[in-house]
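What follows is a set of structures to go through.
You will see two complexes here that share chain A, one where it goes with chain B and one where it goes with chain C.
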Partner chain A sequence: MLEVKNLMVFFENALALNDLSLDVYRGEIVSALGSNSAGKTTLMNTISGLIIDMKVKEERKGGERITIMGEVRFEGEEILSAKPSLRIRKGIALSRERHPIFPDSDIEENLRISTYLRRDREINKTYDFVYDIFPPLKALKKRRAGFCSGGEQQMLSIGMALMTKPKLLLLDEPLLGLSPAMQNSLIQAIKQIHREGITVLVAEQFARPLLPIVDRGYIIENGMLTLQGTGQELRENPEVRSSFMGV
Partner chain B sequence: MEILIYGITNSVTLALMAIGFSLTFGISGVPNFAHGAFYLLGGILTWIFINQLGIPYLFSAILSVIIVGLLGFGLYWGLMLRLRGLVVNEVIATLAAAIVIIEVLRYLGFSGFTYVLPEFIKGSVNIGKAWLDYQRIFLVGIGVGLIIFLYIFTHRTRVGLSFRAIAQNERTAISLGIDSDWTAALSMAFGSALAVVAGLAILPLGSIDTEVGYDILIYALAVGIVGGLESVPGIVLASFILGFCQILVATFFKAQWLTVVTLGAIVLILAVKPSGIFGKYKELEERV
Partner chain C sequence: MAEAIRYRKERIDRGIKARTDTIYLLSSLRDMVYLFLPRFLPILLLLLLPFFVRGGYWEKVLFYSCMFALLALSWDFMASVGLVSLGQALFFGVGAYISGGLNYYLKMPIFLTIPIATLGGALFCTLLLFSVLRLRGVYFSMVTLILPLLFAHLIETLDILGGTHGLLSLTPFPGGYPAMYLAIIGVIVCLFGFRKLISEDFGLVLRGIKDDDRVVMAGGINIHWYKAQAIFIAGAVGCFAGALMTHYYQFVGRSVFALDFTVLPLAGAVLGGPGSFAGATIGTFILVPLSEALRALGGLRMALYGVILIGALVVLPEGLFHYIERRYHQFERDARV
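And now, the complex of A and B:
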């Protein structure tokens, strides 16, 4: 479904992603594990197209030079230089790290804004879908998003990505800063999203709750791929255990 | 009683002047210093349409709102796009555009008693000892209507919601498929159009003078800074505070002090709470 081939991303002369290749097949949960500054967020931004927007804006005002090389294919189509909105129409949605939602709008309005590109009549079904996966959101519908807890905001952030009706859901560090209980319920939610037929790519640095549910995983270090394998293989790898599972 | 009535009309006038400026700034972060110039240009365009081309008043008004709106869009797309995020450059560019527009209009001689826009309905009423013309009543109606319209627009429509999204978190909005350039340009078009609406409501009260291009900018800035530049409730509250202060000063002191009130308010609020009464712009820095 998604093929990334020999991807290189530079910020000025600093190499953020180095010759990175990975695949995500339809119906999988794939994880990209890496420590801070490994390049996870750059990878997510490159797949979702956010980096194209950053690049254009920096170019206009003569700021930081961002160079992107390689291939990103979605369902066989080359999308490396496509705008984010086009990629959302094709079915790629990103929930960004640290759950940046719209704090002054209530939860329902956050979800409504997320349907911006949709013209179909099934939007109401998607609301039910999101509320079904994250029941707390339904109870807090009218609460201003900025007053919600970190876990609730994270649910909302994923819910907003789901409102665009994606085929491929990108999650950038969904477990960051959450309590173990909240992490578990998010993992359950990711499983449920996956059962509904949405392919998921998760970037994380804490793998313990995540690895049991992933089909395959990639380890990224300093922008390079160092290891890949099935969830089982990664869980048994001693280096992965010490670096990403806190064992 | 007079103070109350004149205070209210004066406050709504100020709110009308500031609302477009605040809308553009709140959404795109661009301080549109050409706001006053657009206000003036709208008035003069309407005058030309009525008196030179013989178009009916209503159509002339709508036409000039649209033209200036497009001009605002063009100013953003042609000039501001490259300067986005460079605040000083944005101020210089829009101020330069303002000076060009105003000075060209001055050179062409659009100033003085010939250039008067017709009132919507002539006449006046007495309320107590206060003497109020119908135009001012209209003006309050337009102001209140506009604020209600803006509230509904930004909370119920697709474009309005995208405005709010970009204003709150641009990157998240982009990652949901909202085009930030298009939205920001639209907000500038909207702000400019609102400047003309304000002009059409206020200008019939006197004759058109090119100086108002600068005055309006000062008033819009004063109201915006006092209330918090991106906050609509802040704008309303600030225009009432400033509006009543002006009337009180004019009644009990001298009319010359009016400008001092406005500028003094800017200085005072910048010293006490730089983001304005309802502003969130620098809230964090202030708390630290």
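And now, the complex of A and C:
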């Protein structure tokens, strides 16, 4: 479904992603594991197209020059230079790191904003779908998003991505800053999203709750792929255990 | 599959930059020139300019440019603390009226009115703005935008300080050069002084307040005290310019609170590149003579500033100075990936 081939991203002279290749097949949960500064967020931004916008802005400012090389294919189509909006239309949605939401709008309005690009009549069904996956959101529908807890905001952020009715959901560090209980319920939610037929690619640092549910995983270090395998294989790898599971 | 050779553009510091960054002793002439040329050339140029424009219309333009450069430097200094002011005219007008008033009513000599106006005016402006220091962003800007208008209307309606006629026949400077050189030296001192100040510990706190004032507060620093100090410094510069202008024209009237003294310095700072002080100076020294040359357009001048401001923001948002600086220190080449 998604093929990333020999992807290289430079921020000025710093190499953020080095010759990275990975595949995500339809109906999988794939994780990209890496420590801080490994390049996870850059990878997510490159797949979702946000980096194109960053690149243009930096160019205008005369700031860091961002160079992107390689191939990103979605359903066989080359999308490396496509704008984020086009990628959303094709079915790639990203829930960004640190759950950015619109703090002054209530939860329902936040979800509604994400349906902006949709023209079909099934939007109401998607609301039910999101509320079904994240029941707490339904109870808080009219609450201003800025007043919600970190966990609720994270749910909302994923919910917003789901409102675009994606085929491939990208999650950038969904577990960041959440309590273990909240992490567990999010993992259950990811499982449920996956059961509904959405392919998921998760970037994360903390692998312990995540690895049991993933089909395959990639380990990224300093922008390079160092290891790949099934969830089971990674869980048994001693280095992965010490680096990403805290064992 | 044959791997195609790919190139990307790469930016590298010039060798001479890397070398001169750490110079503490006398080294080769070339290094010294590289280091000192961009600093001494503008100073030399500024100091020599009065001889070339002596006594003419362009002498006034040069003086005017210095006034606006001082205001732009003062704006840039406040902006680097995160206080975006839309009322540099406040400082200018307060300085102008204090020195004008002291000279007109108390017959004080020029060498007393200017220092008193500079320090007293700065103190007055700081106290005036003290209550709104807690405001951030656009709210602070709105207050500063309103204050000069308020003063202009106060003077007009209450008919104080000369009212609509202004204060006339004030003491002039002895000859042309003292005023000009006070202005030029003021610009040079502010330019290099601010650049130094902002890179010291004091400036570190100020820049911290701009980046994230809550973090600075969490560090146990009283940000309101620092903001007040910054306003005092910026205010002193603005008031100094106002006081000089008053005695230069031997006149002070409501026009010192005019929008020109707010918009032009801002336009200059944006054109030159905010945050570097040098940019603000370069920007005003381009804009003011340009606007004088365009005086024939009359009312369209202000519209033209607007166009230049928007154009600069779109085409070169980093500002002239940052662009020149980058070209001076770095070069680009194709690098093989």
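Throughout what follows, the second predicted complex is superposed on the first by the 247 of 247 C-alpha atoms of A that agree within 3 Å, B and C clash if a C-alpha of one lies under 4 Å from a C-alpha of the other, contacts with A are read in each partner's own complex, and residues count from 1 in each chain.
By definition in this document, contacts are C-beta pairs under 8 Å (C-beta built on N, C-alpha and C of every residue); 3 or more make two chains touch, one makes a residue touch a chain.
The structure presented is a predicted model; accordingly, all values stated were derived computationally and were not measured.
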item	value
Chain A as common anchor, with chain B and chain C clashing or fitting	clash
Partner chain(s) touched by A:180 [first = chain B, second = chain C, both, neither]	neither
Which superposed partner A:69 touches (first chain B, second chain C, both, neither)	second
First (chain B), second (chain C), both or neither touched by A:104	first
Comparison of chain B and chain C by chain A residues contacted	B
Touched partner set for A:197, first chain B, second chain C, both or neither	neither
Which superposed partner A:48 touches (first chain B, second chain C, both, neither)	first
First, second, both or neither for A:10, with chain B first and chain C second	second
Contacts of A:60 with chain B and chain C, given as first, second, both or neither	both
Of the stretches 9-17, 27-35, 81-89 or 135-143 belonging to chain C, the one that collides with chain B	135-143
Where chain A meets both chain C and chain B, residue numbers	60-61
Contact footprint of chain B on chain A as seen in their complex	48, 50, 53, 57, 60-61, 83-85, 88-89, 93-94, 96, 100-105, 109, 112-114, 116-117, 160-161, 164
Interfacial residue positions of chain B with respect to chain A in the complex	81-86, 155, 158, 161-162, 164-165, 168-169, 171-180
Complex interface listing, chain C residues touching chain A	6, 8-12, 316-318, 322-323, 326, 337
Sites on chain A touched by chain C in the complex	8, 10, 12-13, 60-63, 65, 67, 69
